[in-house]
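Both complexes shown next keep chain A, but they swap its partner, so chain B is in the first and chain C is in the second.
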Partner chain A sequence: MSTNPPKLADLQLEYEQAPSLLKGDSPGKEWLDIPVVFRDGNWCHAAKPNVIEDLGFNNPRKWSPADEDWKLEEGWQKIVKDGMKERLDKFRSFKLFMDICVRCGACSDKCHFFLGSGDPKNMPVVRAELMRSVYRHEFTWSGKLFKGLVGARPLSEEVLKEWFMYFHQCTECRRCSVFCPFGIDTAEVTLMGRELLNLAGTNINWISEPASNCNRTGNHLGIEPHTFKNVVESLAEDIEDQTGITVNPTFNRKGAEILFITPSGDVFGDPGIYTMMGYLMLFEHIGLDYTLSTYASEGGNFGLFTSNQSMKKINAKMFHEAERLGVKWILGGECGHMWRVVHQYMDTMNGPADFLEEPVSPITGTKFRNATSTKMVHIAEFTADLIHQDKLKLDPRRNDHLKTTFHDSCNIARGMGMLEEPRYVLRNVCNSFNEMPEHTIREETFCCGSGSGLNTDEYMDIRMRGGFPRASAVKHVKDKYDVNALVAICAIDRASLPPLMNYWNPGVSVYGLHELVGNALVMEGENERTEDLREDEMVDFEPESAAREEDE
Partner chain B sequence: MSNSLNTLLAQNQEVILEKWLNLRLAIFSKQKQSLIMTQMDQFQNPIRHQLHEGLKVILENFDKKGEKFKEAQEQICRILAIQDFPPSKAIALFYELKGIVRKLAKKTGVGFNAKDWVEFNSTIESMTLETVDCYCAQREKIYQLKVDESKNKAFMLLKKAGI
Partner chain C sequence: MKLIYPLLAILLLALVAYFGAAAGLEYLFGVIIPYISIVLFLGGFSWKIYDWVKSPVPFRIPTTCGQAKSLEWIKRDELESPSGFWGVFGRMSLEVLFFRSLFRNTKAELAPGPSLAYASSKWLWMAGLLFHWSLLVIVLRHYRFFLASVPGFVELLESVDGFLQITLPTLYITDLLLVIAVTFLLIRRLASAQMRIISLSTDYFPLLLILAIALSGISMRYLDKVDVVEIKILVQGLVSFQFDAPGKIGGMFYVHLFLVCVLASYFPFSKLMHMGGIFLSPTRNLANNSREKRHINPWNPEVKFRTYAEYEDEFREKMVKADLPTEVPLPEEKE
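What follows is the complex of A and B.
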């Protein structure tokens, strides 16, 4: 063996000729040089020009990812590089994540998109490498000197297209981060990647339009206050028709004790509306002094998927409205990314909320010390406390037609560490709860495959791939325990799991946790319940009157 | 079981299953095989696991077919219908089986009669045509899901508008 170091030309040759799994079907090309192919089903529609103008982003224009010419503006590379430098200086985490990966591979087989497609660029390490390669080229000496030898490459249109493809095949679920020995949060790399894509004027409409709508009307769908009020009242009428109980939600009521904020999907979307009915029944049952807001009419925050400034702006309305209405604290509904924003960013972005009080349950007196800084309590914690203190009259037999399993929403499980409370509630409102296998739940839960603003219909093929690992675990309990109900506490889950189940596991329906609470609540003065909130028959359930007649 | 080739298939299920699964996995691009070929955990590699289970059920029920056979065929088509390769590759699974059985028959040295081959080929062809139906049904389902989702998102607004 020679004692001299190898010559640069030899190294180059070895680098180019060495076999690599990642080169695969493209011999002679390095994996980073294999171009992406856009075909129907694997890309999301570009943001509309008026939406981009509303958000104040660069280069509003009509274009499509499938076009060869993306109509990028002159000097876009400099804009993106400057943006990258600004973020590297501003966010130490981003700088750290660009530098510290040792390519140990612990994350490589943890991403649901990788498991559902096998595409190596969906390995979290490789996805981050798409950006690290540009970082090295622009910001490190080794990259500037040795270029491809140290995995550096310049920012080109092909690289931008690759970013667009793969930073939209990451749902920011953070499963990979659980396994990273350095704690690299790939979600934050994706967040930065999407911010840089925004700077280049390459946004997707399904994320940008809801963010823009939120700026205008307070919710993703762009629903105006009177319609919001009208629809909630309509759900109250449905509750009265089904149960005989009158619920009286109030709107923008000053002096209420609690402001309740939930994702707008619960108000407008099927099956979210049944969860909303469950909330309204619960609040009536315990006599809660609460109000809804037609301004803070959205718990979700598509700003999180857009830019940190956008996230901050959209989030601010929660505190603004709580202050304006003079409530004591905020109760939040079943949502995923809303809780990531609340739990991880809200206090430092828009707090401290000194004008609010430390949340105390008016029914049980429990202090929610975990919410001392944000003054915002998750409804699963709130309800778990009510059940624990025996404040609810529940008949779990009313959910006997459902054999349930529970999907831990990524943002709730990994983003805020809430694992037990929803399970506690579920065990108390139904008799059949069956856990999915160990490595597919809790901190290791598989994403629905449609989070972080990817739940748009033109992306269905990729969503079905990304959701396959979750669907596969559901299939396991469906085959083993006859499970027919997948319960989730996230509005995006409630929107995206039904098509996922419909495709992979027909016969499994998706429910919100508080929908099952609503089914099980025994309310004073109610009609005899023989149907659940979806008007499905409570099979195998014997109403109390029938049981009494039998006894007599 | 009158057809001797079907008997051969029934007696060599394990060998055939392994070969068939490998052929099915090989249609994924080489880049993708780093995971799909090597990871054995059923939840860490659902593509391999569910293809394995599906092909196994098909082999077990090859002669009598029935509901289980149909379900397995559907599950395999679900996996294949959302991947990158063209339909012609996705639906070729029974042709792959024919190739495996032919090689196996040759290896045994037993002379199978022409009638059995004609029957076997005919079975393979009809199963392939059923697979075409099944694959198309999964693609149609993808489009139906898109329509349903659009409606569900604004369910209450459509309901209020009486649509």
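What follows is the complex of A and C.
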């Protein structure tokens, strides 16, 4: 292995000794004069030509960000400028955020990438200035007149490279927008930046290929229907082996009451599969009339990281499939950006879903009044209601081998405002739960460092730096409360936090919320449970019952 | 450089006004330029707002900073994650009047370990709040010049503002606070490496300009005294659209007035438009109810997606083999 990611000791030394803007050391020049250098570990592979063709984007070709020549097509500047004009006219957020920043600096040390790198261009204000400087030059008279004096600069290949680098060092987590006195949301700027990068034919494969796959097969990984079914059935077999309970998930079944959609990472990725097992057990336990779909087999939506049109296209399958199957409403699994799309975009883009009914829990009769139009309910809302109405038989001692803390996913916290539901579920399925320090949780939560489609291996250097603020907060509770389980309700978290923990906090494993629900569920007719869904020993479980006998 | 140019520009502007008025151009500086600047201010401000408003808000994208409306037994935070009009009204009021988001500010510190620590940091919030509120009170106090009889609220403001009753004429606290706050905000930009690197000349210019306006105003009151009666006659002439030549007032007044005109003319074309923009910010002024009430995107594009039928056409054989239901049966195999 080369330097990607750097050895932990080297990075620790760098943090402690190297001068950094975060520590107040000046880089000695203006950010405009700091060149963009692509090195091992700080760029993602370019999208493959066939993927670009498949998505209908510009200039499919073989190239690499590390190349001197990016083989941009003739006239790319005009394409980008026209694209910018179009988006300024379509998105008030974009136009407003180009104009009203006062550079007060409140956001400057709020970004996990800045905290992990000290790179001036990772301060949210500068990230937006990368775009604003061009905006001023092209669209304001003061910029045209006074140029550099008012912070304007023309669009050049160097600027495009800078955009490519820094709009892929933003995970659209929106933490900066919590602190901005005007609510300027860098995610909006990055979304536009990435749309423009796509217009220029400078896409990254880790985002484009899943988007393309999702369109064809229904999920990011390109899994075809028969394989999807096989894998879920093999998880059902695992459940049977461990618990003695038979679960019978159905697929593409017309007339089911509820369509369940979750990120494909839960079906195919470790440790997401244990969360999937948790869902299946829960549904069996309450006798839910639900079906899975092989066509709408992806909750996630990498279109969000590509362009609003791709987002809409990928998202359209959910309602389309719900209508075809004739279900009453849709239940959605644990995922971050999926829920940003479902909560804030789906009804606008692909609604109204007149063919569905206002969601009511068939078990408790609770009406989900906050979802009456979109008709899609989050599993944490659904389960919190079940627990509150005492419909689940739970033994939290079965999670006593886990000392947990909870990681709020960016999109769930800042794009949905769902903070209490998962905590309520967690407190009811385990006995040890300690919060990370304030300013690192809830609406101020830190990104895993790999969100928005950046969780690719060649990017480990940046990911381990960007994830440092999250890891540092976990280390705090690990040292203080012996936390060994980081619980998250996001599929990208479940994929990207394990390497982050291995790097910064070995000994901390990553769990989905419903995996812990699955561990704690006391199901009728089950075998004696001595192992959790990962086949790890449930410590203290038998001894405790033995201890009780001794007491008696 | 980013500081020097604006500083020189303001000095130059002040000198132009001072010597211009002294050289007999009182009419230009006292009547013509004020009219031009007011037209630029009002016209520019309205144009900018129109320019923003004509771009639609395609998606409902509030940044939620608290628990959303959910199950009935979960306590929700209407001000941080509003579910309807009144919540949004409250949230916006807190932002505009008390700078709620800035109040959250923290300062991150990288400690050995390495580990990160966050301390609450309210200096920017405090200075910002003092600066803006003082400026508002000062602007309102100037109403005394606009109307023949001084309105009651202005007299009230003046008496509260001058309650210390030290110096003669009475010291206004807001004058003092404004100068202190602006100076703090300036020093803050210069003192930290992070602030230096993000600051543009267009960040120093308005701060310096406002400071110069305040100082010229204060000096008129305490040092280089001017004829207040003549000023009132001039200003009342201006607000009643008269073009009478001003009387003998004093050079410092023209510096003050000209810099105010510069500020007003510069305002709509600069970051100072955050004053209007904050009301339009979609991450703050929208309710977090997008699953409950459909938000309409006026340009919602027609996007062709892959339908289930197309999907089944590609995978039908595999689906049938895997016992997955299909809409269309496989064609019968013919011998």
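Criterion: the second predicted complex is superposed on the first by the 511 of 552 C-alpha atoms of A that agree within 3 Å, B and C clash if a C-alpha of one lies under 4 Å from a C-alpha of the other, contacts with A are read in each partner's own complex, and residues count from 1 in each chain.
Note that contacts are C-beta pairs under 8 Å (C-beta built on N, C-alpha and C of every residue); 3 or more make two chains touch, one makes a residue touch a chain.
Keep in mind it's a predicted model, so treat the numbers as computed, not measured.
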Overlaying on chain A: chain B and chain C, fit or clash? clash
Is A:362 touching anything from chain B or chain C once the two structures are fitted on A? First, second, both or neither. neither
Is A:120 touching the first partner chain B, the second partner chain C, both, or neither of them? both
Should A:230 be classified as contacting the first partner (chain B), the second (chain C), both, or neither? both
Would you sort A:270 into first (chain B), second (chain C), both or neither based on which partner it touches? first
First (chain B), second (chain C), both or neither touched by A:222: neither
For A:443, using the defined touch cut-off, is the partner it touches chain B, chain C, both, or neither? Pick first, second, both or neither. second
Classify the contacts of A:49 with the two partner chains as first (chain B alone), second (chain C alone), both, or neither. neither
Pick one for A:503: touches chain B only (first), chain C only (second), both, or neither. first
Quick check on the superposed pair: does A:326 touch chain B, chain C, both, or neither? Answer first, second, both or neither. neither
Between the stretches 115-123, 151-159, 295-303 or 313-321, which region of chain C is in steric conflict with chain B after the superposition? 115-123
Touching both chain C and chain B, counted on chain A across the two superposed complexes: 21-25, 31, 109, 115, 120, 230, 437, 439-440, 468-469, 472-473, 475-476
Residue ranges of chain A touching chain B (in the complex, touch as defined): 21-25, 31, 39, 41, 109, 114-120, 221, 223, 227, 230-231, 234-235, 265, 267-271, 273, 437, 439-440, 457-458, 460-461, 464-465, 468-469, 471-473, 475-476, 495, 498-499, 502-504
Within their complex, state which residues of chain C touch chain A. 5, 48, 51-61, 63-71, 73-75, 77, 80-81, 83, 95, 99, 101-102, 104-108, 110, 112-116, 118, 124, 128, 192-203, 269-271, 273-274, 277-278, 280-284, 288-297, 299-301, 303-308, 311-312, 314-315, 318-319, 321-325
Inside the complex, what are the residues of chain B that reach chain A? 28-36, 39, 42-47, 49-50, 78-79, 82-84, 138, 141-142, 145-146, 148-150, 152-157, 159-160
Provide the residue numbers of chain A that touch chain C in the complex, in ascending order. 12, 15-16, 20-27, 30-31, 88-96, 99-106, 108-110, 115, 120, 123, 125-126, 129, 140-142, 149-151, 174, 177-185, 188, 215-218, 224-226, 229-230, 251-254, 294-295, 308-309, 312-314, 316-317, 320-321, 324, 342-345, 347-349, 351-352, 366, 368-374, 376, 381, 384-385, 388, 413-421, 424, 437-440, 443-444, 468-469, 472-473, 475-476
